[in-house]
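Common to both upcoming complexes is chain A, partnered first by chain B, then by chain C.
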Partner chain A sequence: MSINLKRSNAPVFWLLFGAGGMLSALVGPVLVFITGIGVPLGLLLPENTLSYTHVHALAHSWIGALFLFAVVALFFWHAGHRIYHSLHDLGLHPGAGAKLVCYGVPLLATLIAVYALASMGYS
Partner chain B sequence: MNTPAGNGRRPYMRSMQGWWRRNTFYVEYMIHEATALFVAAYAVVLLVGLVRLSQGQAAWNAWLAALRSPGSVVFHVLVLAAISYHAWTWFQIMPRTLPPVMLKGKRLSAAAITRSGLAAAAIVTLMVFFLVRGLWA
Partner chain C sequence: MARPEMQQDTEMPDSGKTIVMDVLRYRPEQDDRPVLQSYEVPFSDDMSVLQGLQYIKDYLDGSLSFRWSCRMAICGSCGMMINGRPQLACKTFLRDIYPEHVRVEALAHFPIERDLVIVMDDFIEKLESIKPYIIEKQPRPLAEGEYLQTPAERDLYEQFSSCINCMLCYAACPQYGLNPKFLGPGIIALLHRYNLDSRDAGAEQRKPLVNSEDGVYNCTAVGFCSEVCPKLVDPANAVNVNKMEAAKDYFLRLVRPRGGGK
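Take a look at the complex of A and B:
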């Protein structure tokens, strides 16, 4: 008996969703606080925390660049996958267009992040 | 009469309109699914920041200035609430999304998995906060 099973791409998207969900659960709250509340208001953090020199040095180091890339790209993949499946829950029965947006935007964001980080070079 | 089956039957189709409002369990589910919208919005903010950083100091400072606007701070308070709720529910669900974890021949309980996840998040939060504060203070 031969079964021709078409390889599914679902595990790849699920893995990206899971990795992004885990990363955003671990570092999401503290990052939102640092960039969106703490530094803008000078709350608990010195105002120069996110100075150009500091953050550029972070993005310039390969480990910092890897962290920034993982956060930006995986947050997008996590959100896109979850939003795509929520459309189904809302009875919207997403078609190819919705899939293109929910997974195309994360793909585009990933490429932009790579380009931005690569253009700064590595030390 | 034209029907999907084409044979005159009119099967009862229960409407999906507002199904999730009928039960608090489903309401909670939809709220934790909706946190993805805030994760997406924050990812956009960070991506713009990354692009502005690559454009040089003036562009980066403009991004920082935008983050200081009152509207941005209010927005980030909402994002913080949503993403914290996402983290909380993520670890509540983890016992069901993870394959069985065996420890000394016994299956790790659901409560232990959730507690480990929340503890890890707390440790990572403190580490990132003090790393950022210590490195650049």
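Take a look at the complex of A and C:
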């Protein structure tokens, strides 16, 4: 064995992974409640919470858009990184293809989120 | 192989109890692959797994090879897999396993030299690579006396300085098992120990190892290293603190003035 001193590019993906993990720990459960339980079953939340007008208003505000962007993009980066490393843990030793999928999908999702939000137009 | 009575490491226990020890044997001159061999070992409640092995060597089979020295969890020589978990043989007691069999195998993730003796060249090379000694800011003449350090400064690194190089954390680390080039938990804990020492100025020299492709990011925060450590060191913490350090260094080098370090 010889010591390898080539600098790793992992910090980029590790920070995105970490940010996504932190965000999902903070807001993930409540998002599951709102979108999966509260609104569909009419528990605690008014029926029209996720109506088009409401969600459009959320996405049309700067803070709302930033929140939606962070949740969509960072959750994707977190999941991709987690899946990629879990494959490795399971002994599947993913190659370039798996890397492309695991990090390509989050990149694509990030770009789509930017495009979708930007196309709404902000003033 | 008869040895004089006085030099034997164990005495005949007279409790009347026996325990079966299944010991991994590998004698390269006769075995194609490691195989388990069973021994019935008389034992008393005060006997460790190491003493069981010493009984085998003294009375049953003098050809069994294993490393040991201090018998009190300070030398780090007798790390082995005991019923599948990395443990010090001197710190694990037969009474806690009885009446089950004791399965004793060489430390996982290392090549076996013979029986329970592993090849530790990889670990030693990594240990040397981190410069595990205090690197002074500038040469300090004797006339200036000793370094002074406050208790608070010592508390920062004391935990990490308890490492005895027993390599249990390497046998516990699934990532080291998958990629033996990974610097690994124990070595990163020691690296962190010197970086945290107020007398040391070597962090910059050790940085390339932390940042490298075989550095901290091979860790996926499993944490088993810290669970098996017999000296209560927390290598998982050292590794994960250094992930943040490496991440800062990765981006800060882009804004740092040139010549101000790599």
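Heads up, the rule we're going with is that the second predicted complex is superposed on the first by the 115 of 123 C-alpha atoms of A that agree within 3 Å, B and C clash if a C-alpha of one lies under 4 Å from a C-alpha of the other, contacts with A are read in each partner's own complex, and residues count from 1 in each chain.
Basically, a contact is a pair of C-beta atoms (placed from the backbone, for glycine too) under 8 Å apart; a residue touches a chain by one contact, two chains touch by 3 or more.
Note that the structure is predicted; figures quoted are calculated from it, not measured.
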Touching partner for A:A98 - first (chain B), second (chain C), both, neither: neither
Which superposed partner A:A109 touches (first chain B, second chain C, both, neither): first
First, second, both or neither for A:L45, with chain B first and chain C second: first
Touched partner set for A:S8, first chain B, second chain C, both or neither: second
First, second, both or neither for A:A19, with chain B first and chain C second: neither
Greater chain A contact set [chain C / chain B]: B
Touched partner set for A:D89, first chain B, second chain C, both or neither: both
Which superposed partner A:L68 touches (first chain B, second chain C, both, neither): first
Residues of chain A contacting chain B in one complex and chain C in the other: 85, 89, 91
Residues on chain A engaged by chain C in the complex (per definition of touch): 1, 3-12, 14-15, 85, 88-89, 91, 93
Residue ranges of chain B touching chain A (in the complex, touch as defined): 16-17, 19-20, 30, 33-34, 36-37, 39-40, 42-47, 49-51, 53-54, 57, 60-61, 64, 67-68, 72-73, 75-77, 79-80, 83-84, 86-87, 90-91, 97, 117, 120-121, 124-125, 128-129, 132-133, 135-137
Touch list for chain A against partner chain B, complex: 18, 20-22, 24-37, 39-41, 44-46, 48-52, 54-56, 59, 68, 71-72, 75-76, 78-80, 82-83, 85-86, 89-91, 109, 112-113, 115-117, 119-120
List of chain C residues in touch with chain A within their complex: 121-122, 125-126, 129, 174, 178, 180-181, 208-209, 211-215, 217, 220, 243, 246-247, 250-251
